[in-house]
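One chain, chain A, appears in both complexes that follow, with chain B as partner in the first and chain C in the second.
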Partner chain A sequence: MIAFLIKRLFHAFLVMFVISVISFAIQDNLGDPIQQMVGQSVPESERAELREELGLNDPFFVQYLRFAKNAAQFDFGYSYIFNEPTTEVIMRHLPATLELVAATTLLIVLLSVPIGVYSAIKPRAWLSRAFMGVSIVGISIPVFLTAIVLIQLFAIGVEVTPFPVDTAWGAWLNDLLSTDGGMPAYGRGNPVNVFGTWDTNFSSLEGLTYLVLPAISLASIMLPLFIRLIRAEMLEVLQSEYVKFARAKGISLRRIYFVHALKNTMLPVITVGGVQIGTLVAYTILTETVFQWPGMGLMFLDAIERSDIPLIVTYLMIVGLIFVITNTLVDLIYGLVNPTVKLTGKPA
Partner chain B sequence: MALLEVNNLDVRFALRGGDVRALRDVCFTLDRGERLGIVGESGAGKSVAAFSLLNLIAKPGYIAGGSIIFDGKELSGMKDRGLRRVRGNRISMIFQDPMMTLNPVLSIGEQMVESLKAHRRISTREARAIALHKLNQVQIPSPETRLDQYPHELSGGMRQRVIIAIALLLDPDIIIADEPTTALDVTIQAEIMDLLLELCDKHNVGLVLITHDLGVVSQVTQRMLVMYAGRVIEQGPTREIINGPQHPYTQGLINALPQMATPGSRLNQIPGSMPSLSNLPSGCAFHPRCGFVNDANGAPRKACLDKVPGFVDSGNCRVACHMVAELVNQQQRDSREEVL
Partner chain C sequence: MSDTIVPGRWARFRDSYLLYSFKRDLIAQVSLVIFALLIFAAVFAPWLAPANPYDLAQIDILASELPPFWIDGADPAYLMGTDAQGRDLLSTILYGARVSLIIGFGAVLMQAVIGVSFGLMAGYLGGRVDAFLMRLADIQLSFSTLMVAIIVGALVKAIFGGATFSEYAVPLLVLIIGLAEWPQYARTVRASVLAERSKEYVDAARVMGLKSRRIMFRHILPNTLSPIFVISTVQVANAIISEAALSFLGLGMPETHPSLGSLIKSGFDYIQSGSWWITLIPGAVLVILVLVINLLGDWLRDVLNPRLYKG
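Coming up: the complex of A and B.
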C-alpha cells in the first residue's frame, strides 16, 4: 500500500512535469501580455522596458525554471486581468466548478447504475429500449445545445397550442405539452459561505435548484455513456459461467444480479469513470459559459479571450492536478474492489 | 420408482427462423447412488440435457414438452422459486472449466457460505464450519486459509476441488457433472475423477456424468446414454453397450477409439460430421453417415430416409435404429464365426 502510494506519487510528479512544460510553452504562442496590461497610448520604449522587467525576453528554459521554482510553492504569478495572485483567483472559482462536477457525478452514479443494470436484466422490456433510444440522443447532442434547450424549456418556459384552446380537452393537452419555466439558469444564486473561502450551493434547497439545469446538461453526454457501458458489461457478465454456476447453486436472482454480477460489472466502469471525472472538469467550460456559472471554466474562457497567460497556465496545472488525484484515487478504489489486483507497487 | 425420471424431454431454442429442436424424446432414469454416463459429439445435446434438468438453459432455449420427475415432483413446469430449492440443494452441478466457474471477486468462503445460506437458516459461523469440513473432504491442503482466498490464488485442479466441495455442500441426492475433468491438466484428471467418484459413493449420491471420454464412461458408470443430434440413440448398461454396441453410430464411436485401430494404420473414423440441428436430414438423422443405410442391392432403405426411428428394446438396451434386428443378427453371426 505504502509502496503503491510512493510509486503513484512518482508517476504524478512525472505527469505534472509534462503538463507544466506544455502549459508553460503555450505562453510563447499566445498573444502579447504587454498589450493586455497597458493601453494603446503607451510608447514602444516603455513596453520594451516592461517586457524586460517582467523577464519576458529571457530564454525559454530560464523562464521555465523560474516558473517551476515558483510553481513548487504554489506561486503562479499575478493574473493580468484580476491583478491578484492567480492561485487566489482559481481558489475563488474552484468551489463552483467542483460543486457542479460533484452534483453531476452524483447524478450520473445514481442514475446510470440502476438504469444500466435494469436494461441489462430486462433487455427486451420497452423501458430498456426507451432508455437506449434516449441515451443515443443524449450522446449525439452537444452539451451547449442540450443546455440551451433546457433553458428554453425549464427556465423560460414554452407555450404551445397545437390543440384548440377553447375546448376543455384541448386546453388540457396544450397545458400538458407546455412548460412553465422558472428554473434558475443564470449563475449560482446566493451560495452560502462555509469554512472561509468555500461558497456552497448544497446547503439549501434554493441553492440546489441553481445546480439542477447545469448539472443535467453537463451529465447529458456522460450519463448515456455510462448507462450503455454498464449495460454492455452487465450483459456480458450475465453470460458468464460463474453466473450460471451461481444459478445452479440455487442463489436468489437478486443476489446474483447485485453481488455476483454487479461487482464484476463495476470493475471496468470504475476505470473509465476515473478518467471521465477529469474530462467532466474540462466539459464545464461549455456548461459554465451557457449558464454563466461562475466557475473555473468560465474564468478560463475569460482568461483566454484576454491573454491572461499566468491564469491560463495556472488553470491547466490545477486541472492536471485534479486529473492526477482522481486517477490515483480510482486506482486505489479499484485495488480495493478487485481482489486480483494487489497494491504492492510492483507487478505481481 | 427411480429418483429421477426424465420422459420425452423436448427442448427448443426459439430463433428468428423458427424453433430449433435441441433435444427430442430424451428419456432416462437415475436411481439413488447410480452413475449414468451421457456421451456424444460436441453439439449432440449432452450439456443442454444436463442444464434443462434444473431449467438452467439460457434463453432463447425453453422446455417445450416432456416431464422431469425428481423424487416424485415434476420439475419441468416448476416456477423459479420452487426450482431454486432443488438447485444446489438436492441436485447440484459441476461445470467444465474450473477457471471460469468461480466468481473472481468473491472469496472461496463467501461462495460456499452463500450456497449454504440460500438453502438453510444458519449463521455464517456454522456455514463456515460446514464449508471447512467439505474442503477437508476434497483433500485441499490447508483448507482454513483457502476460505479467505480468492479463486485466482488457486490452481485449476484446486479450483475444481473447491467446486466439488460446493457441489457436495448441502449433501445433494444427485450431482450433474458436465465434463468435470476436460479442462484440467491430464496428470490430475484421474485424481479429480477418483475423488468425485469416491465422494459420490461415500454419500450415496447419484451421478450424471457428461463426457466425450468413452474410456471414463466404461470404467465408472453403470448405465449410459449415447446422444446424436439431440436424440438419445442408444441406452442401456454400460458394459453391454461398450462390448456390443448395436446402433451404427455407437459402433462407429467405439471403433474410432485409438486402441481399436491396427498399430501403424490410420485411425478409424465415422465419415462426415454431425448435422446442424436447424437442418436435420430426413428420417434417421444419422442416415447420411450410416454404413448400413443401403440394402443388399445398394439402394438406400426407404425407412431410414423417411421415418425417424423409434426405440426398439433389444436385450437390456434400447436402440433407435430401423436396422437393429438385422444388425444384431449379423453381429451374432460374426461372433459365431469368430468362435468357429
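Coming up: the complex of A and C.
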C-alpha cells in the first residue's frame, strides 16, 4: 500500500511538473510584462534596464525555477485586466463554479442511480428502452445547445397553437404544449455573502432558481453517460455467481438489488465519476458562457479574449491542480476499496 | 492455377454478416440514409443552395431576421428565413454543414495518423516508449479532450492573432482537435497490438529479419483495423461537436465563414428578441448529424464486436 501511495504521489507531482512547464512556456513566450508595466513613451534603454532588473534575460531554466518557487506559494503575479493578484481574481470566481458543479453533481447522482438500476433490473421494459433511447439522443446534443433550448423553453417561453384556439379542449391542449418562460437565465441574481469572497446561491429559494437552468444543462451531458455506465455494470453484476446464490438462498429481491448488487456496481462508477470531473470543468466553460454565470470558466474566456496571460496561466495551474488531486484521490480510494487492484503496478 | 473459385469483392460483400445485419436493422438504415443525404447536401452545397452566403453582394440587410416559411411574415424566397445579417439561413446552413464535416473528417484523419502511429509504437516497442506515450495520453485524457482543445485553441489563437487565425481557421481547427483527441486512437491501437504482438505470424516476420517499421505497419496494423473503424465513427461525431463547441466559444470558425457551431453562436445573440430560428435550426441540423453518426457507430460496434452486449 505504501509503495502504491508513493507511486501515485510521484505520478501526481510529475503531472504538475509537466503542467507547470507548459504554463511557464506560455508565460515566457506570449506575455511581455514590460509592455504591460510601462507606457508607450518609455524609451528602449529604460525598458532594457527594467528587463535586466526583473531577471527576464536569465536563462529559461533559472526563470522557470523562480516561477515554480512563486507558484508553490500561489503567487502567479498580477492580472492585466483586473490589476490585482491573479489568485484573488480566481478565488472570487471559484465559488460560483463550485456551486454550479455541486448542484450538477447532486442532480446526476439523484437521477442516474435510480434510472440506471431500474433499466438494469428491467432491461426489456418500455420505460428502460425509452431511457436508453433518450440517453443516446442526449449524448448527441452539445451542452450549449441544451442550454439554448432550455432558455427558449423556460426563460423566454414558447407559445404554440396547433389546435383550434376557439374551442375549450383546443385551448387546453395548446396551453399544455406551450411554456410560460420567466425562469432566470442570466447571471447569479443576488447571491448572499457567506464569508470572505464566498457568495452563495443555496441560501434562498430565489437564489436557487438561478441555478436550475445552468445545472440542468450541465447535468444533461453527463447523465446519459452515467445512466449507461450504471446500467452496464449492474447488468454484469446481476449475472454473477454471488447474486444467483443470494437469490437461491431466498433473500428478498429488493435486498439483493439495493444492498448486494448496487455496492459492487458503484465501484467502477466512482472511478469513472472521478475522472469525469475534468470533463465537467471543461463543460462549465460552455455552460457559464451561455448563462453568463460569473464563474471561472467565463473568467477564463474573458482572459483569453483580452490576452491576460498571467490569468490564463493561473487558471491552467489551478484547474490542473484540481484535476491531479481528484484523480489521485480516486485512484487511492479505488486501491483501498478494491483489493484486487494491482497495488505496486508490477507486471502480472 | 488453383481449383477453388475466389469470390469477387462484391460477392463477398453480398454474403457478409455486415450487410446481413444492416438489412435487419431499421435504425441503421434510416441513419445511413439521413447521413448520406446530409453529406450529399453539404458536398453539393454550391449547386443546391439558393444563395451564396460568402458573397457579400447577395446579402440584403433589409431582409434580416425573416422567419422560416411556416410562420407569418415569412418571405417565400427564404425557405428557412434569414439571419441577423440578412443571409439566407438554408444556404448558410448547407455551407456551414460543409465546413463542419470537412473539419470533422479532417480532425479524425489527423487524430488517426498521430494516434495510430503512437499506439503502434507504444504497443510494439514497449518499455520506455510505451510508458512515456501512455503517460502522455493519461494526462491528456484526465484533462478531458474538450478542455485540451479549448486550451490549445486559446494558445494557437494567442500565437497567431485573431485575424490570421480566422484566415486559416479550418486547418488550424483540424490541428487543434487532432492534437486534443489522439489518445483515444493510441489506446485502442495499443490494446490490439498487445494482443497481436505475441502471435506466431509476428514472430515469423521477425525471424525473417523484417524491420520493426514494416512489421508494425504492414503486418500488425491490418489486424487492428476493426476497432479503429468502430472508434472512428464515434470520433467523427466527437470532432464535429468539439468544433461546434470551439466555434461557440469564439475559438473556431469566424462568422463570415461559419460552421454550424458559429451559426449557433451568432444566432444566440438574437434569441431574446424572438428570432429563435437563427440559432435553433442550425442547432437541429447539428444534432441530427451527430445523432445519425452515433447511431451508425453503435450499429457498427455491435456488428464488428459481437462480444459486447448492447448497451
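Keep this in mind: the second predicted complex is superposed on the first by the 282 of 348 C-alpha atoms of A that agree within 3 Å, B and C clash if a C-alpha of one lies under 4 Å from a C-alpha of the other, contacts with A are read in each partner's own complex, and residues count from 1 in each chain.
Heads up, the rule we're going with is that a residue touches a chain if its C-beta (ideal position, glycine included) is under 8 Å from a C-beta of that chain, and two chains touch if they have at least 3 such contacts.
Bear in mind that the values here come from a model prediction, so they are computed numbers and not experimental data.
Novice: Between chain B (first) and chain C (second), which does A:I312 come into contact with in this model arrangement: first, second, both, or neither?
Specialist: In the superposition, A:I312 contacts chain C only.
Novice: Quick check on the superposed pair: does A:T279 touch chain B, chain C, both, or neither? Answer first, second, both or neither.
Specialist: After superposition on chain A, A:T279 lies in contact with chain C alone.
Novice: Between chain B and chain C, whom does A:L253 touch in the aligned arrangement: first, second, both, or neither?
Specialist: A:L253 contacts chain B only, not chain C.
Novice: Which partner reaches more residues of chain A, chain B or chain C?
Specialist: Tallying touched residues of chain A, the top partner is C.
Novice: Please name which positions on chain C make contact with chain A in the complex.
Specialist: Listed in rising order, the residues are 135, 139, 141-144, 146-147, 150-151, 154-155, 157-159, 237, 241, 244-245, 248-251, 264, 268, 271-272, 274, 276, 279-280, 283, 286-287, 290-291, 294-295, 298, 309, 311.
Novice: Chain A touches which residues of chain B in the complex?
Specialist: Interface residues on the chain B side: 54, 56, 58, 80, 84-89, 92-93, 95, 97, 100-107, 114-115, 118-119, 150, 152, 163, 166.
Novice: Give the list of chain A residues in touch with chain C in this complex.
Specialist: 14-15, 18, 26, 30, 136-137, 139-145, 148-149, 151-152, 156, 228, 231-232, 235, 275-276, 278-279, 281-283, 285-286, 289-290, 301, 304-305, 307, 309, 312, 316, 319-320, 323-324, 327
Novice: Flag every residue of chain A that touches chain B in the complex, lowest number first.
Specialist: Going by the criterion above, the answer is residues 239-242, 244-253, 255, 259-260, 263-264, 267, 337-340.
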